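Scrolling down, you'll hit the structures one after another.
Here come two complexes built around chain A, the first alongside chain B, the second alongside chain C.
This part shows the complex of A and B:
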């Protein structure tokens, strides 16, 4: 997109677009820096074959790390809400799924494995995969909070059957969120088509070209993005017909 | 005194800009999205529009500018684009369908004196 200044020879071409605010990026990296030690220490406490590592003083240290990281992990969204309530609500709204996400998820294997992008419906600032990651992390945060606080402070007070269910839900949230985190990590740092995601989370910006192609609803607005996509589909169908 | 429409989805920016402009004696009306801006323009007939680019979506402000250019009642209203878009590069103009004409382009954060000077220039241009 180029903007012409009236009565002057030069025009302005947009190259880089702010995608994440400083607070969003700070929140993302603090979340990562607490999630990783939580996952590692959690798995040591969870998997029987690793539980030998959690004996004696090492065990006390692992529990301490888990609890310190849990406090920061738990407080992070609350602090973010205090500083930027509108932004947090906007983020949550952006994570909510819509009907185009189903088409995106159907087209995702061909895109990620074969690089075929034509079948992907236009997406907003977050694509369906990023939304899934975001929603899993939000749900996991809630479950970790509801189960983790009584597990920490309620041992011996809460009935054993209830405590057992708390542990089961805490572990399930851990398994699901760690799986999602590993997919997210692979796509962010290793997948050859996904370079722009890490750039935008490091520097806050994404290229206009990438936004046009991968986040068309965010770039052009929903109406024009759909028109462009429909035109592309017609063009592809015509090419296929000849 | 001139009437200025401030269009931005950031209420903090709108309130700050409103104070700066009102202190200088301008009448201020506001809108928080492209669609709302066009409705306010048609009703309030502002003398100048301060238009954010990224609102509901990235090109929201530019679409407003494009629509203004096609509307005989709005095409002569000066537009100052106010944006935090980064990496905007000035080039020699090569006119095409994707070009959107605007009177001025200012980056956020805004220096109040610079903003007022640009507004006066744009209004003078309109009067001339």
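This part shows the complex of A and C:
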């Protein structure tokens, strides 16, 4: 797929390559469309300064919204698994930590804050930051489920001693996942280096050049990616020597 | 070029500090004061005193509570036991329980203990449960949204949810309110204490009742009973004082109600911790946004 963008002085050609399936993107956006209302309605019970919104009829309504969104949020990965089981397992496998993550952690400040491309070693289809986001969301989904379902149906059934801890863990999962979400949101919509992220989550394709730069091990394969990176590092060192 | 660069740096550093301050501000605005010590009861507040030795188990208190608070009757299966109903519920806020010991039969009245350091008030996200200036734990059902945290954190298992729809969660909390409407309108004291024909349940100023309770305990001890006061210091001081003839556990009352401390840790440590985390994250993002905008040129990005 080739798209031509005509600028004032020159024409840029972007070569698009597939990155996400339609079901992956649909799942991602349904997850977003339920996570955000869940977070907002949860915050209303959480922050004392939002107390007036939690009271009476308004409070009943926000609790209902929380429950409706929770059902969709909870069922989504299960339904997705029914549609694309291999794809889901592939994604989960790609979220698991490996050696590349250490390089990412070392290079991240210079790369994300200063735009120093040579600081970032080649990454796979997901880099360490995306993996963190993915894993936090998976763990949070499990914790929200384990704690949320008994909080809904378990009053008077499970011992109050257990219930009290469920509320605490529900809160902790919310704190971690909302912080992660805020960072994810910033990188997706406002970070200049990550411009193709939102495009690929909307249209399923990413720029080949972007993939070479950001997901070299996925684009070239691990061996070739390392060779290219070593060459790039040598070139940068020579330039620095001058 | 060089000077330009350093001025850029100092500017962004200043902005960074400003943003950190902003983040801290957001965190503190969201956080409740963690320093607040658990409250203690004052002698001028109102309270109820229960003397089980005087109680004859007539259950007039139970009936008066139902009548004043317009609570419907509950269908029960007494199974040959005295208690009916067996326990407190959303429509039964006051009951007499029977305790059999080697010595004999003892009645004991159960109702909200109206803690000073009340876990239910601490965890209530709506302010429906609150400390009335008169001392008791008041309930504003209009504010309640039915979340049910109070039912799970009360160390005495007092509040119950009146569930209208278990699926949508439409519900209202219900518990003894010390007949708050009677006190607020000046009609009198709680109906259970007003109606008690033998003076087992009495109400008045907490300080006076404590004095009365101490005298009564001395009297019972002189008669050879293992009498004590329950509620003088428990949970910051209860507004329902009881005379016990045995360990609190024998009456189903905790010696040390622990949930107020647990609830406080949740509300005043974990929740503010979340606010600090959100504030720090937002400040970091804003700082990074402004910094990156200067450092990374979109024209050079591939």
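Here, the second predicted complex is superposed on the first by the 226 of 242 C-alpha atoms of A that agree within 3 Å, B and C clash if a C-alpha of one lies under 4 Å from a C-alpha of the other, contacts with A are read in each partner's own complex, and residues count from 1 in each chain.
What we mean here is this: a residue touches a chain if its C-beta (ideal position, glycine included) is under 8 Å from a C-beta of that chain, and two chains touch if they have at least 3 such contacts.
This one's a predicted model, so the numbers in the text were calculated from it and none came from an experiment.
In the superposed model, more residues of chain A are touched by C than by the other of chain B and chain C. When both complexes are overlaid on chain A, the residue A:178 reaches chain C alone and has no touch with chain B. In the overlay built on the shared chain, the residue A:152 is in contact with chain C alone; chain B does not reach it. Of the two partner chains placed by the overlay, only chain B lies in contact with A:15; chain C stays clear of it.
Once the two complexes are laid over each other on the shared chain, residue contacts for A:205 go to chain B alone; chain C is not touched.
By the touch criterion defined above, A:168 lies against chain C but remains apart from chain B after alignment on the C-alpha atoms of chain A. In the overlay built on the shared chain, the residue A:54 is in contact with chain C alone; chain B does not reach it. Chain A contributes residues 1-6, 8-18, 205, 211, 217-222, 224 to its touches with chain B in the complex. Taken in their complex, chain A has these residues touching chain C: 45-49, 51, 54-56, 58-60, 62-64, 67, 112-115, 152-153, 155-156, 160, 163-164, 167-168, 171-172, 174-176, 178-179, 182-183, 186, 190-193, 195, 209-210, 212-213. Those residues of chain C that touch chain A in the complex are listed here as 29-30, 32, 125-128, 142-149, 151-153, 157, 161, 166, 168-170, 259, 262, 266, 270-271, 273-275, 277-278, 281-282, 285, 288-289, 291-293, 295-298, 300-302. Chain B contributes residues 54, 56-60, 62-63, 65, 81, 84-96, 98-105 to its touches with chain A in the complex.
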